[in-house]
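Presented sequentially are two complexes of chain A, the first with chain B as partner and the second with chain C.
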Partner chain A sequence: MKAVFTFSLMTLRMLFRRRTLWGILLVILLALAGIASVPSFDISNQGRFVLDFGLFGIEVGALLLALGLAANLYPRDRETRTLMPLIAVPLSRWQYLLGRFFGAALVQAAALIVTCLGLMLILILHELPIPGDLLPATLLIIVEGWFLLSTVFFFSFFASPPLNWPLTTMLFVLSQMSVSEFVSILPSAPGLMRTVRLLLPHADVFHIKDPIAHGFNIEPVYFLIAIFYGLCYAAFMLSLALAVFRRRDLK
Partner chain B sequence: MTDVHPLQVKELSKRFPRKRGLGSVKAVSNISFNVRQGEIVGFIGHNGAGKTTTIKCLLGLLKPSEGSISLWGNAPADTSVRKRIGYIPESPDYDDSFTPMEYLSMFASMRDLSGFNKDWMKLLKRVGLTKWETTGLRQFSKGMKQRMSLAIALQSNPDLLIMDEPTGGLDPVARKEFRDIIIEENSRGTSVFLSSHILSDVETICDRAVILAGGKLVIEGTLKELLGGENLYRMTVISRKTGEEVEETIPEADLQSRIDSLRRDNLPIVKLEMALKSLEDVFLSVTEGKEQ
Partner chain C sequence: MRMCNHSICLAFTLAFFFLTGCRTDYDIADVAPEEHLHSEDHDHADGETCEESESDHSHGHSNETGHAHSVNEEMEEAHAGGPSGHAHDAGDRNHGTQWFFNQPWAATFIWKKLFRDALIFLTLAVGIFLATGRRRKR
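Entry: the complex of A and B
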């Protein structure tokens, strides 16, 4: 595991030195600041409005970060041939995949924590209350981000970066749908659509922005189950990615 | 007891699927050779002869379609044998946001080379990168990147060095330094598998050569065997088409028939001399018409 750890650190350093991370982070923070400056219809609900849209903004930020950080990692490594000396000698393919994933996951988590702190700062500046579940809610978005990251890695082994973006975004959108919404896409085959929906990821488990915005308490066990589900799905997507990568000839 | 060679390739073939339509293209076809302990083996061929494909198969980057490869009796995917290899890729590139020092220490850590931190300066000095230890790799020229890849390959004191065109982009001085390092490494027992277009390099440092053409092995042997075979003659004749002088290298066995055909065509022989055979002559004569 030492090789994976070192390679993760190498990936982390590399991603911190790229402008992509800082660009996406700036866009998310500006969007959060923009949300806070939009007045809600009912001034008494301003806090709920900022929280609801703020957490949604962070969630979209998780998607952007996953794509921005990882969609180009493997294709670029192949194109610039930096992959060859790595895979040829010190690393196995699974070590390469895990190293790149953990490095990107740490950078993504750090960036999402910064956006959460940004949202807190915005709430403080607007003299709005900060709910106690904001940090756990961000933790769930981080786990969702890791699931998205693993999806981006999976697609990156057989799709180019311009194709990876719509594929991952499509999965992100589908994974947010409820069963009834999903069945309504093809109402003539409800059984099939229910089964497909069951197999697709359920990213809706990570969304607790509405209960938080409305001041409901969330049981700690819910957080634990949602985190466990997210990590299992990310591990599943990484296993699929590895299965594809192992079959790849590195010409 | 059978000798376990550092590298044994048996009936290796590699096919790639065609981009459009069915079928496949055979890049390497049924080649077999060994690299013995302490030997420097040159791997020669035209562009597209299958050298890089073979090397990528040796390192597990490509999966052979047929045949087998063993490194000290184990499969290339085995991590214990991969630790014993140093690899220099063709046109190496590295993430340009790092410095050589950072890259070397990360590779050392990934290879679990404890104690390397004491040696990295010595290694950079050996490959001529001392002044550039903290310079970003984005500022490195092709030749400097090749020196960097040599440093990475030598870092673990490998038992087998696999080099794919290592001196391609280097100036003559750097090429000489590269050759000296290869000889030094070999003198401490390292086996070397060197793919190169620069036949003079192969001739200078290799014990044996394996020649590929059109994905097939055409000849293999010690340099003594390859160069000491049939005599060659260099003949200058007048071209029938252009009327200009043309030089030809002809094996002794074909000499009489060539002279007869020139006589029949009434073409004069301007000069005829015995050629000192070089690896280039051998290469050209054995690969003639077999490029595709």
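Entry: the complex of A and C
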């Protein structure tokens, strides 16, 4: 695991040097500022409006960060031929994958925490209350971001970056759908669609912006279950990615 | 022999997935208990006011009671000024809010399924990791 740790720190430093991260972060923060300046036409609901759309903006930001950070990692390593010496001696393939993933996951988490702090600052500047569950809600979005990151890694082993973006976005959209909405895509085969849906994640598990915006308290055990669910699904996607990567001929 | 182990591992993984997962996926509304679904189960004609008191109008919503600022109050505010004059007591669910309570955070009866699904995905991950690793060694 020491090799994984060292390689993830290398990945972290490399990603912090890239302009992609800072560009996406700037876009998210500007979007949050823009959301706060949109009138809700109801003074009493302004805080709810900003919170709801702000958390949605952070969630979309998690998708952009996952794609921006990870879609190019493996293709670039292969193109610049840095991959071969890496996996020839110091790292096995699973160590390479985990090192890249953990490095990108740390950078993504740091960026999402910054966006959460940005949302807090916007609420303070508008003299709106900050709900106590805002940080836990961001934590759930971070876990959702890690699931998206693992999905990006999975697609990056057999799809080019321009194809990775729509594929991951499509999975993101599908995972937001309820089972009945998913079945309505192909209503003639409900059993098949329900079985396929079983393999897709339930992204609504990570959504607690509605109760937060309406002042509901959420039981702590729910956070634990949702985080466990997200981590397990990310592990599942990473194992699929590894299965593809292990079969790849890198010559 | 290794091929045999590989097949057993895959078979175990698939069996665990399909037998423990047991059934096709479902929405919260499909499996919600009566008290969860019928918390707003009464209809009014247009312009009619709901006259049920809190005692004979039982709503099963332990999650939202006791909160200072709930969606019910907001809905009541909206309804109070509306054409029907429809207002429920504080803490009661209002019409059209079922979607709100059919989310995983509010549906405690779905949490076991979430945990079970997580375990299945974790087992699948371990199974795939071991199976593909074995194939590489061969």
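Just so we're on the same page, the second predicted complex is superposed on the first by the 251 of 251 C-alpha atoms of A that agree within 3 Å, B and C clash if a C-alpha of one lies under 4 Å from a C-alpha of the other, contacts with A are read in each partner's own complex, and residues count from 1 in each chain.
The rule is simple: contacts are C-beta pairs under 8 Å (C-beta built on N, C-alpha and C of every residue); 3 or more make two chains touch, one makes a residue touch a chain.
This one's a predicted model, so the numbers in the text were calculated from it and none came from an experiment.
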Overlay on chain A: chain C relative to chain B, clash or fit: fit
Partner chain in contact with A:81 - chain B first, chain C second, else both or neither: first
Which of chain B and chain C A:208 touches, first, second, both or neither: second
Degrees between the directions from chain A toward chain B and toward chain C, using C-alpha centres, nearest 10: 140
A:91 touches, of chain B and chain C: first, second, both or neither? first
First, second, both or neither for A:155, with chain B first and chain C second: neither
Which superposed partner A:179 touches (first chain B, second chain C, both, neither): second
Partner chain(s) touched by A:10 [first = chain B, second = chain C, both, neither]: first
Which partner, chain B or chain C, touches more chain A residues: C
First (chain B), second (chain C), both or neither touched by A:249: first
Which of chain B and chain C A:49 touches, first, second, both or neither: neither
Which of chain B and chain C A:18 touches, first, second, both or neither: first
Distance of closest approach, chain C and chain B, by C-alpha atoms in Å: 8
Contact footprint of chain B on chain A as seen in their complex: 2-3, 6-7, 9-10, 13-14, 17-18, 80-82, 84-85, 87-92, 249-251
Chain A residues touching chain C - in the complex, by the definition given at the top: 94, 178-180, 191, 194-195, 197-198, 202, 204-205, 207-208, 210-211, 214-219, 221-222, 225-226, 228-229, 231-233, 235-236, 238-240, 242-243, 246-247
Partner chain A, residues of chain B touching it in the complex: 16, 56, 59-63, 77, 79, 82-83, 85-87, 89, 91-95, 97-98, 102, 106-107, 109-112, 149, 152
Chain A-touching residues of chain C, taken from the complex the two chains share: 21, 24-27, 30, 63-64, 67-71, 74, 100, 103-106, 108, 111, 114-115, 117-119, 121-122, 124-126, 128-129, 131-133, 135-136
